[in-house]
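Heads up, the next two complexes both have chain A, just with different partners, chain B and then chain C.
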Partner chain A sequence: MEGLKTVLEYTPLILKGLGYTVLVSAEAIVIALIIGTLLSVLRMGGNSLPSRIVKGIIKVYISFVRDTPVLVQIYIIYQALAVMGLNLSAYVSGVIALSLNSGGFIAEIIRGGLTAIPKGQTEAAAALGMSKPKILARIVFPQVFKIVSPQLTSEFINVIKVSPMLSVLAIVELTRTAQRLITQTYVTLPFYIAIAVLYFIVCAGLEEIVKLQKKKA
Partner chain B sequence: MNDFIHVASISLPMLLQGLSLTVEISVLSIIFAFIGGLLVGYMCISPNKLVEGIARVFIKIFRCTPFMVQVYLAYYGLPSLGINVSAFGTGVLILSLYTSAYAAVILESGVKAIPKGQYEAAAALGMPRLKILCRIILPQTIRMIVPSLTGQFVQTVKDSSILSIITVAEMTMMTKEAIGITFSPLFVYICAGVLYWALNLVIEFISGRIEKKYNRVRI
Partner chain C sequence: MADTQTPIISVKNMAKSYGELAVLRKIDIDIYKGQVVSVIGPSGSGKSTFLRCLNYLEEITSGEICIDGQTIRGISEAKENKKLNEKAAREIRKNVGMVFQQFNLWPHKTVLENVIECPMQIKKIKKEDAVRTAMELLKKVGMDGKADAYPPQLSGGQQQRVAIARTLAMNPEVILFDEPTSALDPEFVGEVLDVMKGLAKAGMTMIVVTHEMGFASEVSDRVCFMDGGYVIEDGTPEEVFKNPKSDRAKQFFSKILNV
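Right, the complex of A and B next:
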């Protein structure tokens, strides 16, 4: 009970940490969406040598992102950015790492959505004289995003669940906030329970949205 | 170049030592999670609403909180419950529970994809419920869910890296130690990344083989 009192005392700080978690995840998912869309557009190229090379690189990138731990990816990006001489804050490199990771997953999600668009539509649009970028922007992608919207929300949940790993870079999101308060107050378990409950509320709430989106589709 | 060879000669043995523990943790967790997943999945399709409810709550809790927070909770929570396990034991336990929640959902969706007529036919022949599941439903389900189950097990290998925060000396932890000696973080982290990658590619390769084999039998 003593622990609960301590946790309640620091509620404003904890909620601020939660705000940061949501902010980091939102920024990461928006950038990831751009990366994912870009990757899937680049993947559509024809069979010429340059586009085959690009496709090969993207394939390797996605495979690496999906088959290595996010924690290792965060460390690699953080160190790589430093070696490249970019003096970015931990926050920025954290967001970059999360978006590069999630971008690989989103590219795969969009690829799944693309297969659902009948080929006749792009052919019809091309027959009407629409340019390729216009076909993608006006015909294909609006439908694709509608189809994959439940998966994109699920990916947002994933990003939120991955975001505690940013605490290793000393980014003060929810988990790091809890760790700081723990070293201050010597109360451990109640803080971890509190943040687990907060994460649960956010993720379970988003899961309900996924269900609604699936029903609508 | 000489620098890299020097760093590699120090760090690679450490990373490989960590890799062996990563493999050990992953294999144990995957086995336990598969058993746990079967159990929880079985509870999910139970006619008893209370049993089903318990399983649903279990799944919801483990799927809707970050694994890292679960690891911390287990590490600090178990001793205060009077359960004293090593960091390794805690890690395997929490990773198994976490993965079994996902495995249960995959198994359940597979079971639901089997036509209902098969249950009814088996029941009409007088087979008991458990026998219907084990002999008729499960063999077909497993065949169907090999790809999603593989994806989950790759996830398990990746998640095992988080156990480095509770002092389990798996590959990520050993990477940090190697960096402490060699002072070349980027190179050693990339080596670790490549090793994880290779491990998961092997898992995917094996799974692809299993899939092919089952598909051949089907024809």
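Right, the complex of A and C next:
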């Protein structure tokens, strides 16, 4: 009870941390969607040497993103951006790291969705005179995003769930906020339970919103 | 009836292979405005491939196709042909529509949206005008009552009639049909053939790959029999069906007539 009271006392700070978590995740998700879509478009290239090279690089990139720890990726991006002389804040580096990570996963998800679009549909569009970019934008991707929306939702939730790792860059998101308050107040478990509940509300809420959208469509 | 001055489509010496497999060996054919040409022949003889080459859904290996002053050339003949072909194909596709065996409507768009999509996106026609034209066309194919339905809710025959309306919306000079009734349950074949007969009567230039010998003999001005990558019979339905010159055609007709 004491613990709960302490937690409630710090509600404004906790909500501020939550705000950062939501903001970081939302930005990363939007950028990751763009990256994932671009990568999957680039992977459609034919068999010419340049497009084979591009596809090879993308493949390595995606394997790297999938098969190394996110925490290590965050450190690498942060350091690499600094080495490259880009004077970016920890926040921006963090968003970039999450986006690059998630973008790789989203490219794979979209690739799966692309296989579900029958070739005849794009042929019909081409035969009617639609350009390739138009076909992707008007015929292919609207359907692909609908098909993969469950996987995309899980990926979005995943971004929210790995966002605490950004605390290593001293970004005061929800988990970092809780840790700070814990060292200040010596109250531990209630804070962790509180933020767990908040993460749950955000993630489950996102899932519900997507479900509702789907029903409407 | 047909204008026999300049062909609307002229194919010269066209060949098409997939790697080692020569599908079309040497095709020479001229098609004139207003002609309805049925293309028949055994499975695997290259009928679909021929049709798909005409609007560059497939590259041709050698020879050339001229449509409306645009030329598609064999890609084995010059390196730059690919680029030039793509440019020519963009123009050709404006005038040549295609109707597929599997209809290929876009399932995420309503019937009306399927029909107005290309006029609005490609020809930049205003929505109200596109909708008006689309509704007229849907009426013509008997589908105006289903304008707000989604393709998966329709029967095959209904989907194919919408696909024809979608093609007509781009106001093509020629329509290519690749077995438009082969994927249909028998009870829906008639309604699609009726629409096609209407188009033929209205003077549309049509190339129809079909197994419907009734349609081929009643509606078309001209029947081409393909086998082994060649057009080996080309004449009026009378000539081709009643007096085929080749043994291959005779065999083919005796087989399908026995069924």
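Quick note on the criterion: the second predicted complex is superposed on the first by the 206 of 217 C-alpha atoms of A that agree within 3 Å, B and C clash if a C-alpha of one lies under 4 Å from a C-alpha of the other, contacts with A are read in each partner's own complex, and residues count from 1 in each chain.
Throughout what follows, contacts are C-beta pairs under 8 Å (C-beta built on N, C-alpha and C of every residue); 3 or more make two chains touch, one makes a residue touch a chain.
If you're wondering where the values come from, they're calculated on a predicted model, not measured in any experiment.
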| item | value |
| --- | --- |
| Fit-or-clash call for chain B and chain C when the two complexes are aligned on chain A | fit |
| Partner, of chain C and chain B, that touches more residues belonging to chain A | B |
| Partner chain in contact with A:69 - chain B first, chain C second, else both or neither | first |
| Touching partner for A:211 - first (chain B), second (chain C), both, neither | neither |
| Which superposed partner A:139 touches (first chain B, second chain C, both, neither) | second |
| Touched partner set for A:5, first chain B, second chain C, both or neither | neither |
| Which superposed partner A:121 touches (first chain B, second chain C, both, neither) | second |
| Angle, in degrees and to the nearest 10, that opens at chain A between the C-alpha centres of chain B and chain C | 110 |
| First, second, both or neither for A:52, with chain B first and chain C second | neither |
| Least Cα gap, in Å, left between chain B and chain C after the two complexes are fitted on chain A | 27 |
| Shared chain A surface residues [contacts with chain B and with chain C] | none |
| Footprint of chain B on chain A - complex, ascending | 63-64, 66-73, 75-76, 79-80, 83, 157, 160-165, 167-168, 175, 188-189, 192-193, 195-196, 199-200, 203-204, 207 |
| Touching residues (chain side chain A, partner chain C) in the complex | 118, 120-121, 123-131, 134, 138-139, 142-143, 146 |
| Chain A partner contacts - residues on chain B that touch it in the complex | 60-61, 63-70, 72-73, 76-77, 80, 154, 157-162, 164-165, 172, 175, 185-186, 189-190, 192-193, 196-197, 200-201, 204 |
| Of all residues in chain C, those that touch chain A in their complex | 55, 57, 90, 93-94, 96-98, 100, 102, 104-108, 117-118, 121-122, 163, 166-167, 170 |
